[in-house]
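Residue numbering begins at 1 within each chain, and the chains themselves are lettered A, B and C in the order written.
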Amino acid sequence: MVTVELGFIVAAQVAVAVLLTPVLVGVMRQVRARMEGRVGAGVAQPWRDVRKLLRKEPMRAAGSGPLLSATPLVLVVSSLLVCALVPLVGTPTMRLVPDDLFVVVSVLLVGTVALALLGLESGTAFGGMGSSRHMTIAGLVEPTVLVAVYALSIPVGTSALSAIVAARIDDPASVVSPVSLLAIVALVLVVLAETGRLPVDNPATHLELTMVHEAMVLESAGRDLGWLELGSWLRLTALLGLVVNLLLPWGVATEATAFAVLVGTAAVTAKVLLAGALVAAAEVFLAKVRLFRVPELLAGSFVLAFLAVTASYLVA
Amino acid sequence: MSPVTAGLVAQPVLAVVAVLAAVLPRPRVRSVAAGTAAAALGLSGVVTGLMALLGDRGRLQIPVSLPVQLPLDPLVLAPDRLGGVFMVVAGGVGALAAIYGIGYAHGPAASRTGWTAFVVFLLGMQMVPAAADSVSFLLAWEVMAVGSSVLLLADHTARPQVRSAAVWYAGMTHLSFVLLLAGFAVLASSAGGTSFADPAGTSSAATSTAFVLLVLGFGTKAGLVPMHVWLPRAHPEAPSHVSAAMSAAMVKMGVYGVLLVVVRLLPAGPRWWAVLLLVLGAASALFGILQASVTSDLKRLLAYSTTENVGLMVTAVAVAMLLRDAGQDQVADIAWVAALLLVVSHAAFKTSLFMGAGSVLHGTGERDLDRMGGLGRAMPTTSAVFAVAAVGAAALPVSSGFVAEWTLLQSLIHGDGQVDRLVAVALPVTVAVVALTAGLALLTFVKAYGIAFLARPRSDGAANAHEASVSMRAAMAAGAAGVIALGLAPGPVASALGAAVGAEGIGTVGLLGLDLPAADALLDPVALLLLAAAVAVPVGVVQARLARRRPRRDVDLAWGCGGVRLSPRMQYTATSYAEPLVRVFDDALQPSRDVTVGHAEESRYLVQRVEFHQQLVDVVEERAYTPVVATLERLGTIARRIQNGSIHRYLAFSFGALVVVLLAVTW
Amino acid sequence: MSDALFAQLVAATTGLLLLTAVLQVWRRSLHASIRLLAVQGAALAGLVATIGVADGELEVVAVSGLVLLIKAGALPWVLSRVARLTGATREDSPRLNPTAGVLLAAVLTMIAYAVSQPVVAADLGPEARAVPVGLALVLLGFLVLLSRRSALSQLIGFVVLDNGIATVAFLTAGGVPLVVELGVSLDVLLVVLILRVLTSRMQVATGGTDLDDLRELRD
């Protein structure tokens, strides 16, 4: 019985993520367009794009292997799995698959690796370039992620995300403690790097030589590209949702009742859209940093996470 | 006779059979006969090790009588649970390498000497963890070293690099032996006996000296920085089945040695021991993976990755010691188990990786990643095996490497730093090191797999690649199956390994999942896979419907942003793949680059050709070893003056020695 | 003021102090550095005010006003004038590459925490727990002094260093007498003013504010 209820929350999370994601991207693009003085394509455009792409036929260049069609699916499934694990709507989790942050991070990395392999599979110069940059960033981000997780886990004594969020609901003051703030700032930088947003990667770039994410998916078309877009956007939703739930834990369902889930859904939708709009607004004022200055940025965020751990051990 | 004793007797017998199988048959059937017999020897090691791991006690005593008046204890072979783990590792890896060798070995490696040396090497490895006193330990250790040295030399007539590699290996392996001999001697004199059961003396100076000597000796064998220099030379030059056995099993004996010291021989050491191990381990992990990520020789990359993994194991051991010292036994137990999980997992994936690299070498004649590409189509099995093993090496779910790294991280974040300043500093630093290592490992293995097996062939050898033979594929597949099995069923494995180091509270939960009550954490890979399958079903259904409606269309050319003249030379190579990383870690790697731009005759502004050379040398080797080697060479040149070939001079030396001895005796 | 609130405020202000110091090492833009310095000054003032209100000492509260005036107001203003005068906008060639600098900052902070552990362990209340932050500020100030070339960045490092000393003083001594604080603050202001003059002279003499150019004076 309990399992059924928990399955209910997980299903709700996946459904919310899938429905919310195109809207989130639409809102972010729209905010950006308006702030830049353009009309914008409307909030529903990403949704229409994905639908259109999924219906179109994919192409396969001579000499490319089965990975071309397999990796987009791997990316989508890994992103959906992350959405299922991360406490977006509610904190109750399945007993055997707890939302352990290390597990979540490695499931995310499965998607990262799938993208990188796709870039190499294409056999073009741009694909390899994107893949190489993507993996360099992913590799350097890892310390920040794990140390930030470590900092958040210390007061709770577990690396399970739902426990961390639940503890924050119980004790809202802990959200604004310096340790938690440092860790969250570090986490935000990491999320921007992982999801290919400014200042690490420009999702709207048309210049191949500056591309990271786009360079890897250049050779994909139709259905494959549709899945790839959806998969990467889902990652954005999941990570953004995680950060806002850590920062503003209110509204997250703590029990698996229909009402709580409803409230949780509404709360996470509002919070994620707001966060997305803020990120988009901030991006208007940001320029992409040079690739070789990205390590500086990541080192900075690493230090913030590291200070969070040091402070919580040596001071608290 | 207990099963373990029977196993201990059976192994030398099987070894003799295997040697006979290597010597007697005609060359055509030699590899099949010797390989099968060696695999049987390996399997007997696995069975014996498993019995020992499950708690069976066996003992084999070999009385030693020499015609001199020396009080020699008998040689005792009696593996405990910990030894059992390593015997399973050595036997399992050995058996796979032997089966692989049936199809792979050719030329000198398939000669009588080659297979005999392999059997001797295997027997030595399986006896090291069985030894229950330092004399038999050193004996087995030396047997292992001699066997591997001969194997390494197999190809020396064909390639001159092999000789240099063998000299380095022999030098380092003897350094290791001398250090161990000294360490055990100090220990024996302080304990009053050579048996491992004798309690060590209480003199802290003696135990500390012994500890440092033993750790350096074992560290040399294990390939810890800065004693790692032989690994990246020896592994690439040895035949691949031998590199697999060396990298996945032999270096583990170094780790076994470290565990033997800190768990069994000197369990209550001062704190700085743990700090020393932590520094060695962390430096090895970072340095190893950094070198691996930027090298483009596939086997050299795997060798450096071994240094990284051994570094992680030693780090786990050091963390366990630190936490044990701080009184956090339950969390320390998790770290002990993590160390052993890392050992077992590395054995599984590194065997498969080296065998995969061997198949690539066999099928293309290439070791250089920059000249590979597109091998996935010609070598589907090798490609699949390499992919699975690379997932293990990159610690992605669901693989053995993921389980091991997850356990290590759990032990790290659950250590309580508030009680202790050293722990408070050590744990976050270690988390960061482990995380950076994991991140770079991810890049390394995406590079290794992606550049070699995906995209288009970059050389003729790669274009004309052919798949490996049946025995090679079988051995590789078994290794890859091991990687997945350990990744799917961590619970029972970890419980058994926990018993080997006396760790309590490591349980099985759910569908063979791993339960760590002390850390309030559990990992159930099967359940995770089931959840993934649940979310994959709708995606699959949509994909199937779409695919039916609109099938895939084949086109001739990749788009490449309009770059129609696509040639394989335009692809990213391993070197270019690692270029951003080389730039980021410029200070640590210190590459030397050389760019020559050739201009067209008409104008300086027209570039005709650009040449780019980049050389990456091992910084540690250059800074620490080159001066020493140069000094030794100078001394050698000077010493040559003593020998000028004149028989009279040699007679004069003997005469002088006689006089000195006479004087010394009578004084 | 309740104990919990007091502890929260001390944690928040010292956290801000540390954060600004680390960012100081990280950022290369001089404008950002000066802004950070202002924030740091304000955080220091906030810390002093918190302690003053908690202890109910009016004098300390007055000192906090002084700190706010000088460190968050006057100093940044003077520095930004120097920046405008010399036209310098960013520290172009730091001696240390920024990534290494930031990592070194982490190490220094850890050292600060590690060495002041005995003070923290003595459990003298929330103020004592923040002592490592002051020490870290001193070390980070030194790092900035060592790793930057331009005179302006040197000034910034010097002020960070001074802020660190002030933090330790306030946290451990429970406040410094008004007169002493007044003297020290004015001293710092004076040093900054002198260096400001020096900077403009250097600008005139060598065309830049790179302190390495001062070596030429020896020849």
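The rule we apply is simple: a contact is a pair of C-beta atoms (placed from the backbone, for glycine too) under 8 Å apart; a residue touches a chain by one contact, two chains touch by 3 or more.
On a predicted model such as this, the values are computed, not experimentally measured, just so you know.
Across the assembly, the chain pair joined by the most C-beta contact pairs is A-B. Chain B has the C-alpha centroid lying closest to the overall centroid of all protein C-alpha atoms shown. Averaged C-alpha coordinates give centres for chain B and chain C that are 49 Å from one another. Annotation: 36 Å between the Cα-based centres of chain A and chain C. Residues of chain C in contact with two or more other chains: 99, 110, 113-114, 117. Multi-chain contact residues of chain B, defined as those touching 2 or more other chains: 421, 424-425, 584.
In chain A, 295, 302, 306, 310, 314 are the positions where the chain touches two or more neighbouring chains simultaneously. Across the complex, chain B is touched by residues 97, 99-100, 110, 113-114, 117 of chain C.
Put simply, chain B touches chain A in their complex at residues 293, 373-374, 376-377, 394-397, 402, 406, 409-410, 412-414, 417-418, 421, 424-425, 427-428, 431-432, 434-436, 438-440, 442-443, 446-447, 449-451, 454-456, 509-511, 513, 519-524, 527-528, 531-532, 535-536, 539-540, 542-543, 546-547, 549-561, 563, 566, 568, 570-572, 576-581, 583-584.
Those residues of chain B that touch chain C in the shared complex are 421, 424-425, 429, 584, 587. Across the complex, chain C meets chain A through its residues 8, 11-12, 14-16, 18-19, 22-23, 26, 98-99, 102-103, 105-106, 109-110, 113-114, 117, 120, 129-130, 132. Partner chain C is touched in their complex by these residues of chain A: 173, 176-178, 181-182, 295-296, 299-300, 302-304, 306-307, 310-311, 314-315.
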